[in-house]
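Paired with chain B in one complex and with chain C in the other, chain A is shared by the two complexes that follow.
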Partner chain A sequence: MFTIDQYAYTNRLRVIHPGEKMAFALITLLIALIAPNLVIPAIIIFLMAGITIGVARIPVRFYLKLFLVPFSFLIAGIAMIALIITTQSLAVTKGITFLGWTIGVTPASIQLAGKIFCKSLGAVSCLYFLSLTTPMTEIISVLRKLHVPALLVDLISLNYRFIFVLLSTVDDIYTAQASRLGYVSLRTSYYSLGHLAVNLFIKTYKRSRELFVALTSRGYNEELKFLEVNYPFSWLFLFLAAGLDLALISLTIISWR
Partner chain B sequence: MAAILEAKAVKFTYPDGTQALKGVTLDIPEGKKIAVLGSNGAGKSTLFLHFNGILRPQEGDIYFAGTKLSYNHNALKKLRQHVGIVFQDPDSMLFSASVLQEISFGPLNLGLDRGQVLSRVQKAMEATGITNLKDKPTHFLSYGQKKRVAIASVLAMEPEVIIFDEPTAYLDPKSIKEIIALLETINQQDKTIVLSTHDVDIAYSWADYTYVLAQGQVIGKGKPEEVFQNASLLETADLTRPWILDVYEGLKKKGWLPVTAPVPKNKAELLELIPCKSN
Partner chain C sequence: MFRRTTWLTLYFLFAIAVMAQPAYAMHIMEGFLPFNWAALWFIVVLPFWFWGLRSIQKNIKSNPSLKMLLSLAGAYTFVLSALKLPSVTGSCSHPTGVGLGAILFGPAAMSVLGGIVLLFQALLLAHGGLSTLGANTFSMAVVGPFVAYGIYRLVRKLGGSMAIAVFLGATLGDLMTYVTTSIQLALAFPAQQGGVLASMIKFMGIFATTQLPLAISEGVLTVIVFNLLSTYNKNELQDLAVLSKEVHQ
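Up next is the complex of A and B:
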């Protein structure tokens, strides 16, 4: 989480208008989802990975590691889709038969699993592109400009801040416990972990109370107002992004027919 | 000098039954530098929250510029434009993602336009020396940097009274010096400054007037020269004597200084007093 955020602030595409990056990521994501076959999502995966690694200069190792996170979930999910359990022994089914039940795969089920796999990873690659190149602050300010309801935007920005407050609180408590041998055995680990969870809740509650007090003292009035930074539009990025997306859309339309 | 803030017989008990203030009466003269001293748990932070209208006295009253505080929405809004607080723990103050946005929050709530806000933010960042941190997210800052951002975020609102709850705690010596210099600059712009501290040396050299709190009561007040020469008061409040006074007394006792030598306010004045060897 910390690392993603750090890259978001330091990558090569940082200076590009956040709205452009958001539009590019979301439109491409949409294409990945509506594409009728698995070729287009596959292209999108390579495209997004190429831009994120090649242009934004995110280290390959970190990027691949990040991909492992959804990968393991996906494999489990895909397996359930690919596998078919049936009593009718069809010719196309390949698998083992046991007591009249067949567990196996059909070409259609493999096709479906592959499509879902590629689409999911395609969507993930779009989101990774966005989160690795655009700081959350800028995404929030774009949402605000798009007139997303203030309550929602405030919630998102407070959540974002509190994720880090929570993480550092967990870190502090864990270090404090570990330095006093709180995790030497399984028994003490359970005990310490329980205390960590309870304390985290209490501390977070206290933090949010304090925050509210501090906000009030600075004139908080049911809306968090911030100064927005204006970014210049990058025509080059806009044209390139539009070109890529148009190409992908025409591919989609062609493969539909 | 007229009092800009006053507490009259203020009593406050926290919901868990802790009596934090047991009838505190004190006044903050306009344009002065006030230090509030007291050991841990004496009630300093609780008192400060009353000056900003965040806590409401259960008995007694708070006065701002001579008028009794009423706790309706508009009165509170006005009070908070005039009185700013920099809290003890900067982490409890900072909530936005970038430094620039954090500092812009207060001025925007005052209803200023973009240009004015931007120039105030810029000024506050320069005064606290954090212009280079402008785009940093607040969670990547060090403690001392967070403290400066917290101070800048209140400075940018340009209140007449600024209350600092332990501004120098956990800072390195250089930062302490810079913060004290900053307080001096702010004060020269006719602003009233109230601060709480455990550092008697800072309080002694810096303040025009001091209050000593212990267990929710004011047990001493006066010019720092008077307060810090009162040994029994220092004893009850668990405070130590500033080293300048220790050295001054020692020099006097051993005959290096005449008994009539004026009390030095800071290191420079003390060194000035000490005679050359040839005399």
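Up next is the complex of A and C:
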């Protein structure tokens, strides 16, 4: 139902230990965040894109489309950072003056916007590497091993499992409503959507009851136990990932000076 | 020549900003906040997660089926946010479900559930991000629910009808979420002249105005859902009323 989730289960890096992939993605993300210039995030974008497309074999078209998802936020956000609205126009400000107010850009603001643009996309490429190569269930099992509170992990894993059940219910209800012209106008859309939300809520509520009864009758006692797959550590991946991250870190330190 | 290109650039930026679907636009994207601010919002949000988990834990002791109900409530919020809501302006948006969740399950539980939903949105839908999870949780799962719930209770206490209380709660909860996001962005990127305040006006101008009709749409939808629930499903609501009272203690 979610293409990202599908690729997470079928990509070529699926067999690598999830902890290694998580560490690599998160450390690289941190480097992208603290990097002082835009060269390092740019390197990270190409690196992560290369690994995700070349090694994990995610289709290029899908990957590029995925990068368009945050673009509406990104463009609006950096435009607001680049634009300066002021009453005292500086010599460096390029823009238009209207009734004493100047709307424009300065070299400094453009530079800042460019830096944030690269940084954000660099971080996004790390997020995509993680979400496209590591299934949610494995991320959850890593969280469990990291001693995240058991209650939180249980909530996350039950939550994840039920998203798909509820989504297929929504799909059925939506199709039934749409085929009966339920979404033909704004008025009917609100009406239909309201009914959909309510029915989904009732079904959700009943399901939670049934789940509890089913679990209790099977000896549930405040602890959910899942079978976890054991992944062997991949030394090759570990060495390569550590090497790349070390190189990036030393680049960061050099450019700080 | 220069004036013309400037006009053109401005026009295009404006067009993109207006046309770009405001859909999930209010999640701060991955990597947009500088490291210090991203870390700060995690620290701010941590006590709320702690508090929410503690109160859930306490209630599960006396009512073990609560764990299932809350996980399903999280899944419900996630699925609701993936629906398309027809907006008054004609474009489609996604309901946040923040108001509905806060009124049904109580604001403390929502801070935990909202955080989980935001994690899934980042990993499964590529909306929001891991480094901005703290900031987004603060605006969507702490400020939004608390405002929605507070307004709802206040209007009820002042003798307002259920519909008005739900509408105001959901709409203002939504709006305050957007305002909080604008403040978060302004704090991280203060304007060179005018500082945080000038920057806040910039961000609010672009976000709050596009989000205002969406907040009203969400308010209307929440009222419809609530009316239907209270007409046909009194028993379940009474069960939940007990729950939300327990959870938000």
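The working rule: the second predicted complex is superposed on the first by the 252 of 257 C-alpha atoms of A that agree within 3 Å, B and C clash if a C-alpha of one lies under 4 Å from a C-alpha of the other, contacts with A are read in each partner's own complex, and residues count from 1 in each chain.
Note that a contact is a pair of C-beta atoms (placed from the backbone, for glycine too) under 8 Å apart; a residue touches a chain by one contact, two chains touch by 3 or more.
The model shown is predicted, which means the values in this text are computed figures rather than measured ones.
More residues of chain A lie in contact with C than with the other chain of the pair chain B and chain C.
When the shared chain is aligned, chain B comes close enough to touch A:Y9, but chain C does not.
Contacts of A:R207 after superposition: both chain B and chain C are touched. Once the two complexes are laid over each other on the shared chain, residue contacts for A:S217 go to chain B alone; chain C is not touched. Once the two complexes are overlaid on the shared chain, A:S255 sits clear of chain B and of chain C alike.
Of the two partner chains placed by the overlay, only chain B lies in contact with A:I140; chain C stays clear of it.
Of the two partner chains placed by superposition, only chain B is touched by A:F226; chain C is not.
Contact with chain C, but none with chain B, is seen for A:L26 once the two complexes are overlaid on the shared chain. In the superposition on chain A, contact of A:I34 is made with chain C only, not with chain B.
By the touch criterion stated above, A:L158 is placed in contact with chain B and with chain C alike.
Residues 5, 136, 158, 160, 165, 207, 211, 215-216, 220 of chain A are contacted both by chain B in one complex and by chain C in the other. Those residues of chain A that touch chain C in the complex are listed here as 2, 4-5, 26, 29-30, 32-34, 66, 69-77, 79-81, 83-86, 88, 94-96, 103-104, 106, 108-109, 112, 116, 119-124, 126-128, 130-131, 136, 139, 149, 151-152, 154-156, 158-160, 162-163, 165-167, 170, 183, 186, 189-191, 193-198, 200-202, 204-205, 207-209, 211-212, 215-216, 220, 222.
Remark: chain A residues 5-6, 9, 135-137, 140, 157-158, 160-161, 164-165, 168, 207, 210-211, 213-221, 224-227, 229 touch chain B in the complex. Across the complex, chain C meets chain A through its residues 2-3, 6-7, 10, 13, 16-17, 20-25, 27-32, 34-35, 38, 53, 56-57, 60, 64-65, 67-76, 78-80, 82-83, 85-86, 88, 100, 112-113, 116-117, 119-120, 122-127, 129-131, 185, 189, 191-194, 198-199, 202-203, 206-207, 220-221, 224-225, 227-229, 232-233, 236.
Put simply, chain B touches chain A in their complex at residues 49, 52, 54, 77, 80-81, 84-85, 87, 89, 91-98, 100-101, 104-106, 108-110, 114, 117-118, 121, 135-140, 153-154, 157.
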